[in-house]
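Multiple structures are listed underneath, in structure tokens.
Each of the next two complexes has subunit A plus one more chain, namely subunit B in the first and subunit C in the second.
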Partner chain A sequence: MRKKGFADLFFVFLLLYLFLPILATMLYAFATNWNKTVLPEGLTFKWIATLFQDSSFIEAFGRSVLLSGGAVLLALLFIVPAIFVIVLYFPKYEKWIQAAVVMVYAFPGVILAVGLIRAYAHIGVPMILAVLGVYVISILPYIYQGTRNSLRSVNGKQLLDAAELLGASKAQAFTKVLLPAVYPGLFAGALLSFSVLFGEFVLINLVVGSRFETVQIYLMKKLSTSGHIASSVVFVYLVLMGILTFIISMLTKRSKGAAKA
Partner chain B sequence: MSYVVIEGLHKTYGTNAVLSNIDMAIEEGEFVTLLGPSGCGKSTILRIVAGLTGATSGVVKIEGKNMNDIQPKNREVGMVFQSYALFPNMTVKENVAFGLKMKKMNAIEIEQKVKEVLALVHLSDKEHAFPHELSGGQQQRVALARALIVRPKVLLLDEPLSALDAQIRKKLQADLRSIQTELGMTMVLVTHDQEEAMAVSDKIFVMNKGEIAQEGSPTEIYTKPASEFVANFIGHYNVFTKKELEQMIGGKLPGEREKFAIRPEAIHLKANAGDLRFTGIAKEAVMSGNVIRTVFEVGERTFSVEQLHDRQASVVLGNTYECYVSQEDVVALI
Partner chain C sequence: MLTSKKQLFVWILPFLVLVTLFFIVPLLYMVISSFSNGDGFTLGHYQEVLTSSYILQGFKNSITLSAVSAIIALIVTLFAVYAMMRFSEPVRERILMVSNLTSNFSGIPLAFAFIVLLGNSGLFTLLFEKWGIDSLSSFSLYSWGGLLLVYIYFQLPLSLMLLYPIYYGIQQQWKDAAALLGASTFQFWRKIGVPIMLPGIVGTFSVLFANAMGAYASAYALTGSNYNLVAIRIGALLSGDIFAQPELASAIAVILGVTMIIAMLLSEWSIKKTRRNL
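The block that comes next holds the complex of A and B.
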């Protein structure tokens, strides 16, 4: 009994340690005044309202969505078909993708930033495109894992064989059978990539900075002017990530159910 | 000419020969089984017939037509896979209807055919279920229905029952055979289970190391195995060298063959006129339900005897017994 009591206590402390900063930040986003008291003196929607009335926030949000979404879309268009072909038809080349995946983790953001500026700043390529390019590559691990695991769990090659023997052309087998079967895993990978890119700060700040103000850069600026507004930004960001995580977990559950088939 | 003809089929991966010089002839409406241990190339033959894998050399003909350059989708060959390969995002009905949709058949006709074929595999009540909601046996029935509905010229079954437990497997074997007879469809089954092969087939090809070891009806294969490999694979045959057997029976055996096989149930403990006679010491008995297998020792080696499990059959371990076998049941091997 005593052991269990200790374990419970430890668990509560752990939860507090993990979630107190987040709770405090979220509370601060709604606090009127929170200087000398333990809890805020009052609650208000003022900060959130101010945030959404600030056109530069809305624009920053739009830029973030555009940049992260664009990168994910490009990855889906170019990387996913490549992974399909390699996993299904040339499995011996998979090790090269795996090597590429490790390389993505191996490059520190600062080196990447300096490298990008050196390489592209003087040849007229807009730096934001260079960052976009890096983003597309940097989500390779998530896209690769998501796609490959779905393909494996539904036994993609055999589904294609089965569809073809039932009279489907290769294109039909791909679009009518394989794609719908792996779609949940693919979509989960895409959402995960999107949320990772949405939170990216190092590269975009060093390479482009305030010339292309994303939510993260906006947040950085607001940190020095208003803690309440900054907290509100974090709040909105967390809500968005919460929604994405929920969708991902629903999709993963669904694809697991399907994988039993 | 036979319905399905395979001539001089070779398949190599790199320097590794998977199939060498395979010739087969399958008649229309026949249930043929390719039987062999795993890795003997039997599944590769199916994949080549289906067009999913290319042959290194050789010809596959269906109804006299050379299939070598014909796409899988145009071969009119169906296939059922060991892991079912059902489309996970489609219901049972959609899975089964897929082949007809690809043929652009109209919806009313599809609806009716799906109902018919689902009734045939006893799954009429599962139309709207998704594959993951079904048991393994039910999933395999769906896979079978999906393949049957397009009425392929040949239906290939790649170890379709191996992943199922014994009871369901037996039931599905019987169903498979009765559906095959009802539709008169040509089927080729691949299995490593010799009992399954004997239970369902008209003809069996026993395969070993990429070659056909023997072909024949189940009875021919079982009672007249051509080689030591077939004798061992198909049952619990006792295989003796000529010298061993001559010593045991105390006489000479006719012919040039060096090896002989005797089925364990062909050896009995009661004499019939003209039987060969030898003695053995009972060493070990294993009861597997309806059959008792007793291992006897004679000189340096052992042989086993199978008897039906009745009260008179009991053997006292350690005692010496006289054993008898009819001369016809001594099979000379290559």
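The block that comes next holds the complex of A and C.
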């Protein structure tokens, strides 16, 4: 019993350690002045309002959504069908996708940034497209996980076979039967990918830099100029991540529930 | 049958093109560039990496920072997961969801949060000053110790996410059986629980280690290019306007990449081993 109490200490420490920085940053976004006192001198909405009146923040936000959303969309269009076909029709090649997933996961942005610059910087390709392409590949682990899990939980192969047996064409079976069944898991994977890309800084900063100012680059600039604006950016970022995480967990729960029922 | 397989292949083709263009080609170019100077083949860049005490120092700093942050995160989460098991499964899943939320909190935003807490006029810095604890109020976030705190932060949710399923696999029956045969809780963990989990713990460690070795954004936000880490070195050699040495950056990146692959293979191997045990 005494040992359990010891373990509890670690658990409480873990929660405090994970939440204190978040709470402090959020509080800072609403603090009038917080330089000399332990707690803020007063509370205000001034910083958040200033942030939303700053057109360069709105534009940066738009660019981040466009870049991350575009990459997720491309992944859904080109990677998901490939995963479907390999898992359902060529299962013996699935280990190659798994190998690709591990490799993609193993190489951090800073390594890929070197490769991108060496391969494409001198041949006139717009580097933002190169970053977009690497973004599509870098979310492969999340997209694969989402697709694979939902295919497994609805028994994809049998579902397709059954639909075709009942007279549906391959295309019909795919779009009318399989896709609706795996949609929640797929959507959860897409949102997770979006939230990972939304926080990406290394590639965009090293390869493109301030020519394409995303939210992360905007935040990096504000870090040295205005702490209050920076914390407002982090506040907005956290709220967005919170909403995404909530939707993802709802979707995952629903697709798990569907598999059990 | 053949035509149908060909039709199916059309769906895989775009994926293969994307992987080739945006993964394989860049990595190949990086490897080639690490072996080339203006005119041809050279091993000079690798020689420079291995003889430059500054670059070696960067590797040493990265390795110690990654290993220490991984070990601390592992120890904390090992006990925390143990304590978490007293809650019902829905509660545990909620805790995991919340911890997943914090796993998105990394890079620049995370660095900023630590500045709010421990920067020059940070919340805790002021608190320690007020209490007159000089040893703590003189703590610098922009040093090895500060980076360690930030690295531990982003290791914790990942560690929790990886350890939970391993721990979950330890079945109640085994504990009951061991207890029935007269083993104490401590004996159970020492002789059965920990040995079964060990490969999984090693695997988790190597994922955490790799995770920290490749991290760039938080260290960059806190120290710019001042603190000597491998990832920071690569970035500086790549983007320096006057001193850009992309070939040298490539050589360092190749060595870092090999380290990553070894760490990932180790974790794959040990996770497979754990699955067999459970």
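Basically, the second predicted complex is superposed on the first by the 246 of 261 C-alpha atoms of A that agree within 3 Å, B and C clash if a C-alpha of one lies under 4 Å from a C-alpha of the other, contacts with A are read in each partner's own complex, and residues count from 1 in each chain.
The definition used in the following text is that a contact is a pair of C-beta atoms (placed from the backbone, for glycine too) under 8 Å apart; a residue touches a chain by one contact, two chains touch by 3 or more.
These numbers were taken from a predicted model, which means no experiment stands behind them.
In the three-chain model built by superposing on subunit A, subunit B and subunit C fit together without any clash. Counting the residues of subunit A that each partner touches, subunit B and subunit C differ, and the larger count belongs to C.
When the two complexes are overlaid on their common chain A, residue A:229 makes contact with neither subunit B nor subunit C.
Once chain A of one complex is fitted onto chain A of the other, the partner contacts of A:188 are absent, as it touches neither subunit B nor subunit C. In the superposition on chain A, A:18 makes contact with subunit C only, not with subunit B. When the two structures are aligned on the shared chain, A:180 is found in touch with subunit B, with no touch to subunit C.
By the touch criterion defined above, A:208 reaches neither subunit B nor subunit C. Looking at the shared chain after the overlay, A:79 reaches subunit C, while subunit B stays out of its contact range. In the superposition on chain A, no contact is made by A:71 with either subunit B or subunit C. Contacts of A:60 after superposition: neither subunit B nor subunit C is touched.
The minimum CA-CA separation between subunit B and subunit C in the overlaid arrangement is 10 Å, rounded to the whole angstrom.
Overlap of the subunit B and subunit C interfaces on subunit A comprises no residues. The part of subunit B that touches subunit A in the complex is made up of residues 50, 52, 71-73, 75, 77-79, 81, 83-90, 98-99, 102-103, 130-132, 139, 146-147, 150.
Of all the residues in subunit A, the ones that touch subunit B in their complex are 154-155, 158-159, 161-169, 172, 177, 180-181, 183, 257-261.
By the touch rule above, subunit A contacts subunit C in their complex via residues 3-4, 6-11, 13-14, 17-22, 24-25, 28, 34-38, 78-79, 81-86, 89-90, 100, 102-120, 130, 133-134, 136-137, 195-196, 199-202, 206, 209, 216, 219-220, 223, 227, 230-231, 233-234, 237-238, 241-242, 245, 249.
If you check the complex, the residues on subunit C that touch subunit A are 5, 8, 11-12, 14-16, 18-19, 21-23, 25-30, 32-33, 75-77, 79-80, 82-84, 86, 97-102, 104-117, 121, 123, 126-127, 130, 152-153, 156-157, 160, 185-186, 210, 213-217, 220-221, 231, 234-235, 238-239, 246, 249-250, 253, 256-257, 260-261, 263-264, 268.
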